[in-house]
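Paired with subunit B in one complex and with subunit C in the other, subunit A is shared by the two complexes that follow.
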Partner chain A sequence: MAELARDDRLRQGAGISIAERPARACIDLRGDVTDARFVHAVESVTDLRPPSQGLAAASGLLASLLWLGPDEWLVVSETQASGELCARLRQALRGVHAAVTEVGDARIVYAVAGPNARDVFAKGCPLDLHPRAFRPGQCAQTLLGKVSVLIHQVGQDPAYEVYVARSFADYAWAWLVTAAGEYLDGSEGK
Partner chain B sequence: MLRIACPWCGPRAEIEFSYGGEAHIALPEAADALDDAAWAQYLFMRTNPKGRHLERWVHTHGCRRWFNVVRDTASERIAAVYQPGAEPPEDAR
Partner chain C sequence: MSQPNRTAAGGRIDRERPLSFRFDGRHYVGHAGDTLASALLANDVHLVARSFKYHRPRGILSMGVEEPNALVQLGQGAYTTPNMRATQVELYQGLSAQSQNRWPSLSTDVGAINDRLSALLPAGFYYKTFMWPAALWMRYERGIRRMAGLGHAPREPDPDRYERMHAHCDVLVVGAGPAGLAAALAAGRAGARVIVADDQCEAGGQLLAERFEIAGRPALAWVGATLAELQALPEVRLLRRTAINAYYDHNFLVGCEQLPGERAKELSTVPRQRLWKIRAREVVLATGAIERPLVFPDNDRPGIMLAASVRGYLNRYGVKPGTRVVIATAADDAYRTALDLAGAGASIVAVADLRAQAAGYLPQQVRSRGIEVLTGARIVGTEGRMRVDAVRVQTGASRVRALACDLLAMCGGWMPSVHLFSQSRGKLEFDAGLGAFVPGAATQAVTCAGMVRGAPSLREALAQGFQAGAAAAARCGFDRIAKIECPPTLEPEETPIDASCAFRGTPGGGKQFVDWHNDVTVADVRLAAREGYDGIEHLKRYTTAGMGVDQGKTGNLNALALLAELRGVPVLEIGTTTFRPPYQPLAFGAIAGADSGALFDPVRRTPMHGWHERHGALFEDVGQWKRPWYYPRPAESMRQAVDRECLAVRAALGILDASTLGKIDIQGPDATEFIDRIYCNSFRTLAPGRCRYGLMLRQDGMVFDDGVSARLSEHHYLMSTTTGGAARVLAWLEEWLQTEWPRLRVYCTSVSEQYAQVAIAGPRCADMLAPLTDVKLDAMPPMSVREGSVAGIPARVFRISFSGAPGYEIAVAAGRGVELWTTLMGAGERFGITPYGTEAMHVLRAEKGFIIVGQETDGTVTPLDLGLDRMVAADKFFIGKRSLARADARRTDRKQLVGLLTESPQTVLPEGTQLILEPHDFAAAPRSPVAMAGHVTSSYYSANCGRSIALALVKAGISRLGETLYAPLDGQLVKVTLTAPCFLDAQAQVRRG
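Here is the complex of A and B:
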């Protein structure tokens, strides 16, 4: 619990838990995945190759690379300092056609986990999260209620991480808690 | 609701996308020399067919990329999606 950013941002039930995750490094990375120098440079810093397929994410000990578009990834890390990781990427990508932009301050990450997690998303997310369509290690940008989100499945249970723009974080939190209402402890009489 | 196959993300719900109007409308050369009628023709006049229509969509809440769609405006059937700058597939009827 100590790692939670705010203790009021935790709701639980037998089949669901929703919590705000601590701030992490998020870096928007753009480049040409068919350019071997770009792939090499990214690999030299993160130990990961940028996935070229939609829905794909690559995760390692240092960081994860979440696919955002055919030439765009979100580099996220819970262990590396954002500024330092950003500087190392920029250094490695010198002379390569690429862009590296820190965006961590603009994002909040919510963890949504448990057997009822898909039931909660199904109330307002058009993405097919059935295991035959979306598996652990995959990520996708979609809608949650009225806001754009990036959903990354991080566990089989299932467990998801939801990246939301900070300006929409309160809305997304309220949406998740409302959608999860029937599965939460103490929902009786509320 | 339509299910639209983004060329990069695969089939997604229509609410993730925004419509961008008819595709392959090129800015006329020497656009600053056009008279009002010719400029209006470029800006406003569209084919508006009942049937096969080449149109632009953007995956607003997904990968945020533009692409082209061949859609039948009467049946809503999508015959093909193709990348910006490409010609529509021959067999997309």
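Here is the complex of A and C:
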């Protein structure tokens, strides 16, 4: 596995917890959502229709489809093997103009949850995560400090998952721990 | 310890919590709830500063944001902060402050000689005085700089923490005075998301300084009840100690929150300042007003204060700044000061009213207390050295009376704080009644309420606040508003103010200050107007009026009203200088936020970074990436290490971490057509399973990026880019696809981070790799790609080389990069495998004359300049093609890529060295111009060549091969010979970028 010392990537405190999630299958999916064959093919493999609405995510038992752009989704799954899921998507999309690209190794996922999670994000994310503006099941590509991230709200509490490019993951972790510093247990202050 | 000016009771301070502090080394005691200014005044300290130019003794003028005089150096060592307004510094235990701009001390200041020399130091004196001789300006400037600047910046790194916060709301209310609180209440009750920001530690605004009543009870009871209701509303956020400093487009405002000094130091996880970036659908500005000072001779002595501030100190802080008080005023408002002070036992010597009449309710109240009111008064001067001790007043033609006093409270009416409104690009109007600017037409979703709009009474301010808050919420869709009862207030009618009394000054001697902060007087404004600097922007730059820490908050209006009168035009025609952020000074640290130290910039590391670290690699920054530079062994120099690594690659086996190169997955039925348009060389002839080096140009025909692209299958490519170009190339591809060629069916996906990539190079690489892989290496021609496994890891194997030595590159999932690397290291041990870094990589590719984009190219270099004519396809379209046909691109004297050999094989020219055609005697003619023929782009010692080698761009270089040029270096001329850009067996050019 990766070299980076990730053993300690779990921090908790008053109203906040931050933890690295285990590696999961991530597939970058490109295609035309107005093409019924594309939609059916994706549905046949994931049981989900690719959301055509911006900032939307569709989640099912097998996988989630996170909207990245008008013709781009991130297919993620914690239960399916990446290679197999890829192969099934490619098979189903045979003859359809689409692209299925494995990107699971390119991303690290952090879980950020708790009543103070929004205040922690507010320190470096310009997006409005207020419950009136951003709800469970929504996702958005935005900034966290100086790096691009994909934020997916997975719970009401609130709970979020943050996808960050592998080489920026150390920065993102340091950023999260610093931003949450005032809430964290045993914080020596960074 | 006694606080002689502290009242026995009253005020908002906590008398149970004394706080000791130091000012200029002396110990004092104040209370929790004090500012530094109120605590100094409680201790009867008026003299707190020396003025900027004349070093005149100065005291505390005001109570708030506008303070021009009481600027102190706060804290010590790394924590020190210059030019802090004592009026805005909350007192804390152990606070230590120093006065500024004096030497050796406040009471004995050598610089005060400037006051006596003032005739030599008129406005703009430095433009006139130091103009000749011009050569000496730099010396003058040093002296001027030493004299200017007031406080000093700390020399140590800032130990405090800062952070930024993004916030969003329906309604942002700026100011928590009566109008702001009313607006927040109306919007909050309607259900809108509301943020209320106020720069004080306590809400209430001007009510904190007054003895007003609302609904028959003290106004602060209403403030308390309102706050309680606001705090109970879940969508209302109150930001105390938060000055909104900037108002940008799209209702984006930025504020700075001060966290109290004591707390921040105890808990290093809590920042000292927090920058708030607020995006609001609607803004209500309830920013209040600033009291206008009066202009008269020697109006700057310590003990001369703004009248509303005087009663503010009394009512808010329980501090009576003086005991024998003269009040000078052009408005009824100052009579409140007289009444409040008299009520607190101060002796009011007289009220000098500059207006012809003072017949309103408040003046009558004052008279009924037996206090003398002089109408039609003129202030002809003041006396006192370190503190005012008399005011000289004249009424009509009577003789001048000297009124002994220890405090002079002055009032020229109120000036609405239109700064933020103006920053929002709202238009200002001139209110003749107020004699001041008020908000006019707005250009953003903003409304103003209260004194900023010129509300003449508390009742009106509250009504405007409720109305503005309710309307703003309604525009955001929150219109379920319970009817709001505006609470009743009892207020007397006031006599109109006469603003002209404020700025005109009094004919006669003595300096009449318009701008305290910059020592600008009436005479300076007159001089500027006389000399033609009679536009407001000219006036500002010529006299410095309105510059500096206070940005003219007290002085600007008087300066421009005076200028308008001198020119005989309406004030509105003179206009104002531009209001710019920040409204109040803030620490640079607040702007930087948490972006310092480890968070200054992301550091990107490859999956194998830890291995490199453990094996002694030094790292080179390539963009944000850390790449292994070279791996020195103990006691090895850089040159020795790089030589060893280079020799190992050519002789046996080297291994390089190539993971940082950009990788873009390109697929779709039109992928080949797309790639062919992007690269200047042809790709349609590339068979699946093969790779090709591609060169990418901009529209102007200049080289933009390069790299090897592999055709994985009929409609599927994997493009590689330079490390630094990865993001920009993907953006470039998307731009062309989305804006120019939307019909091409192609998808591009970045996979740069998905793969760890390892280059192995050297004659033994196949020997090592073959047993580890199921890929048939001997069936792989140069420039080909195969899928398979290496060391049991699914992998892509490329037969490509950037070193010119036989080589492969192996890509595996990033998570398995370390596993691949360590397996290869183990398997290569018996072949003498040597990890090499970017320095050796650069030397090796230079030995073969392979370019590096960004080193041999700088955005002005075409493929033809690089001698890569054969890569420019004639039979297809590509980006930049037409530009290559321009006459300029065809010039034969363009700078072209050549190799350089120095006469002495040990001389390594510095990269960037200029080259000249003829020998030149620099000792004899050091400054004469010499035509430059080109410059060195890459230069190394090559152990494989046994000598130094260099690449250079030289005018008409390709036609000069074999010629000798000269490189001026450290006073010597180094002879160089031009060669073809390849130094090692010039066949078999296998390459990648």
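Simple rule for what comes next: the second predicted complex is superposed on the first by the 180 of 190 C-alpha atoms of A that agree within 3 Å, B and C clash if a C-alpha of one lies under 4 Å from a C-alpha of the other, contacts with A are read in each partner's own complex, and residues count from 1 in each chain.
Assume a residue touches a chain if its C-beta (ideal position, glycine included) is under 8 Å from a C-beta of that chain, and two chains touch if they have at least 3 such contacts.
Quick caveat: nothing in here was measured; it's all calculated off a predicted structure.
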Inset, instruction - Once the structures are superposed on A, label A:His97 by its partner contacts, choosing first (subunit B), second (subunit C), both or neither. - result: second
Inset, instruction - Give one of first, second, both or neither to describe whether A:Ala106 is in contact with subunit B, with subunit C, with both, or with none. - result: second
Inset, instruction - Please indicate which partner A:Trp175 is in contact with in the superposed arrangement: first for subunit B, second for subunit C, both, or neither. - result: second
Inset, instruction - Would you mind checking which one, subunit B or subunit C, touches more residues on subunit A? - result: C
Inset, instruction - Name the contact category of A:Ser59: first (subunit B only), second (subunit C only), both, or neither. - result: neither
Inset, instruction - For A:Gln12, select first, second, both or neither according to whether it touches subunit B, subunit C, the two together, or no partner. - result: neither
Inset, instruction - Have a look at where A:Pro126 lands relative to subunit B and subunit C in the superposition and call it first, second, both or neither. - result: both
Legend entry - Doubly contacted residues of subunit A, that is, touched by subunit B and again by subunit C: 126-127
Legend entry - Parts of subunit B lying in touch with subunit A, wherever the complex brings them together: 6, 8-10, 12-13, 15-16, 60-65
Inset, instruction - Could you please specify the touching residues of subunit A with respect to subunit B in the complex? - result: 54-55, 68-70, 72, 126-127, 140-143, 148
Legend entry - Residues on subunit A engaged by subunit C in the complex (per definition of touch): 1-4, 23, 28, 30, 71, 83, 97-99, 101-107, 119, 122-128, 130, 132-133, 145-147, 165-168, 170-171, 174-175, 178-179, 181-182, 184, 187, 189-190
Legend entry - Parts of subunit C lying in touch with subunit A, wherever the complex brings them together: 161, 163-168, 193, 267-270, 277, 279, 594-595, 598-599, 601-611, 625, 665, 667-669, 745, 747, 749-755, 794, 813-816, 818
